[in-house]
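Below are the structure tokens for one structure; questions will follow.
Order of writing sets the chain letters: A, B and C. Residues in each chain are counted from 1.
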Amino acid sequence: MSAGAAPAGMRALPFTLVLIAIAAVIFLCGRWLGSSYAFFMGYVVLQYVVLGTAWNILGGYTGYVNFGVTAFFAIGAYSTVVLHKLVPATPLPVMMLIGGALAGLVGLGTGYLTLRLRGVFFSIATLALAVVVQTLITNWDFVGGARGVYVLRPRVAPLIGGEYVQYLFLMMLIMTVIVLVTARAIERSALGYGFAAIRDDEGAAEASGVPTLRLKLIATTLSGGFMGMAGAPLPYYVTYLDPASGFSLNYAVNAIAMPLIGGTSSWLGPVIGAVLVGGLQETLRVTISSAVNVLVAGVLMVAFVILAPQGIVGLFQRKRR
Amino acid sequence: MDGTANLLLNAIVSGLLLGGFYAAVSVGIAIAFGLLDIVNIAHPAFILLGSYVAFIGNSLWGIDPILAAIIALPAFYLLGMIVYQVYYVAFERRDDQSLRGLSFFFGLLFITEVGLVLGFGVDYRTVQAVYIGPSIKLGLFDLPLRLLVPFLVALVVVIGLQLFLSRTFIGRAVQAVAQDQQALRLMAANPTRIKRIAFGLSIATASLAGAFLIIIQPIEPSIGREYIGRIFAICVLGGLGSFPGMVIAAMTLGIAESLTATFFGPSWAPAVAFGILLITLAVRPSGILGR
Amino acid sequence: MTALLTVSGLGKRFGGFVALDGIDLEVQPRERLGLIGPNGSGKSTLVNCICGTLRNEQGSVRFADETIDALSAHERTRRGLARSFQLPRPFAGLTLAENVRIPILYAVNARASGHLHGAAIDERCLELLGLVGLADKARQMPRDLTQIEMRKLELARAMAADPKLLISDEAMAGLSHAEVDEIIALLIRLNERGVTVIMIEHIMRAVMEFSQRLAVLVAGRKIADGNPKDVVRDPEVVRAYLGE
């Protein structure tokens, strides 16, 4: 947010176009490669770019820590399960919008109840929120309860043809562009300055005319909504979803670790964090074991918050000065 | 007496016993969060660490789990001091407790959990002791010893800590440290040292709480997470930093959960703590005994 | 002429402790009012109640012909009631220019009267920092500032809200003689531009030099209000300051 934080000034429209162009190149490269493994892996990394950026809109910009990432993510995923069972013909983008809207509403509600208090109470409430949403879903037989649910993945991707995973990847790619453009637009708008003021000193922000409660609610709603949207395609990706995997702590740790590792002050931080940590995890999963790869995010996060609190982006900024 | 009333009474009594255990689980957070203002969300992970220590002592050498926890107390105290020192240097001194300090503890929680999975797997573990299994019949009530023993030891621990805090110099310094660091310095007490001791104590209680946990129920590494909501619900409901309030809150939650489990099924119990926490935060954030 | 700020029967208690007890205070447009009182007399509580940081239990506050008791702090700032904090509270993660930008974006631009955009905002930020002599540090962070510069930033940020009434809460504690003069001059310049100023201060020299009128708080009550020279000779005020 500080004058030097954002990379060379670019207007919003050119930035969006460049991002779309990059996304298109990535997608076409994937098509050319034709490897479904690349699409599966790319989906996971993009999903974390979205989750990390969504977390950062609240955590990095306003300083309010949301530990309940899994709650919002799973609300998105399970709303898709419900839609899949009730109206199987619903197009995936619509499912994502509905999942996002539901998760956003839950974010708004949680924020409304706890954001008048000190920030830690919000964090504690979100931790507990993850447990309660999990409890509700575990007890809800319609979506499979504790046993879990199978969701049949369509064979062929609509519109673009090819394997369905390509479609999932494309959706997540579009989602990524939307989230990054939003995050960057916030950084440069009055909203972003308001968020930063809240993060630094809420009392002084109020005294400067910042409607702190309203801004915090905007941030929780946006952040929660994006997490829900990121979770919506999950059932089609995994094809079997149960509460234990849908609420895996990995999602929360990754979503928090990636911005903190990459740097919380700019939109670029979560992207760097997600690509780096996501890539590293995938490599470790293939080469060593899946148990070790989940440790990586946690250990890196603790190391970074202690040793490099400004993240990777911060390291480069310091060098430039 | 008809069945439902009997069920109700027994649920209340076992809830009360459970509450005593919850008090032992929460007392560490009552110290760390209530008195030192350190939001150690990793506390349940330390408790679970205590459970596995009790498990090792019990399964390898046949030591009583509570005795094993007492033997491990100094190690946990030391661990707490080390964690506080890192926290102080990296976050408190930089005045960065809220975002990165919280994330630090979240990372510890996760690392400990995954570490335990790597070390012990995801199988449920139990301990052996004479008081696990039998129960005392007291009129209508069934008092299972595996709940009664932790309940009694927990009360001794909480009362002991309360006496320590109110009667000794260091205890009073701990109570003062969150309020007025300046005054402490004038009394020639180093606030950082006082906080280090207090945080050491907070983690030491996790050793005992861990032993109680594995006595009461079989454990696996991810079980600690369920306790985050409980612990903070209890501490907030009890009014931060008040031990009597915390005990009352622990018993309240114990009874509420026990009733929920009896009449709606045990799978609903975890939601009770969250409900209580959210209602408390929304309606009366200063807790039941608060001003 | 109607008063800009009217505080009537204001009361505030913390638990059993009565911090403010039936305070009446009127401030006229363009006036320079000094407010003094021993430590713990309730000065800061009064400021917090006027600015909406705390809610008063009794009495009411009227500002610019409107009862503002139900308004939150940011709504009061938007209506033209700005304050500086006793201990400077800069936005530590923002540059100096961005610090004064916040009130422009959120207080000035929230009013029907004026909307600043793009370059006009940047200009205004520099102008405000220039008023307090910090223009050349616009791109620096608050941590690079000295104590006096922090105080000046605090005032610049309060001024950035374009207030009708500015409350300066002990902006001078711990400053040197010359630095105190600098701040007094700054506040007087501001007052000459039409801003009403309430100065809360311990440094009597500054208060006497600045104030057209002086009010004294002791133990949550207003014990004197009037011409500064008369007020400081008031036996009750002398007793409160020199002890029984």
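One rule holds for everything that comes next: contacts are C-beta pairs under 8 Å (C-beta built on N, C-alpha and C of every residue); 3 or more make two chains touch, one makes a residue touch a chain.
Keep in mind that this is a model prediction, so the values were computed, not measured.
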| item | value |
| --- | --- |
| Chain located farthest away, centre of chain C as origin (C-alpha) | B |
| Two chains sharing the most contacts, counting C-beta pairs only | A-B |
| Rounded Å distance between chain A and chain C, as computed from the means of their C-alpha atoms | 43 |
| Centre-to-centre distance between chain B and chain A (centres being mean Cα positions), rounded to whole Å | 32 |
| Rounded Å distance between chain B and chain C, as computed from the means of their C-alpha atoms | 46 |
| For chain C, residues that touch 2 or more chains besides their own | none |
| Contacting residues of chain C [partner chain A, same complex] | 51-53, 72-75, 77-78, 82-83, 85, 89-95, 97-98, 101-103, 105-110, 139, 141, 157-158, 160-161 |
| Complex contacts: residues of chain A adjacent to chain C | 1-3, 190, 193-194, 196-197, 199-201, 203-212, 265 |
| List of chain B residues in touch with chain A within their complex | 39, 41, 86, 90-91, 94, 96, 98-104, 106-108, 110-111, 113-115, 117-118, 222, 225-226, 228-229, 232-233, 236, 265, 267-268, 270-271, 273-275, 277-278, 281-282, 285 |
| Chain A to chain B touching residues, read off their complex | 59-60, 63, 65, 67, 113-114, 117, 119-121, 123-125, 127-129, 131-132, 134-136, 138-139, 146, 249, 252-253, 256-257, 260, 264, 291-292, 294-295, 297-299, 301-302, 305-306, 309 |
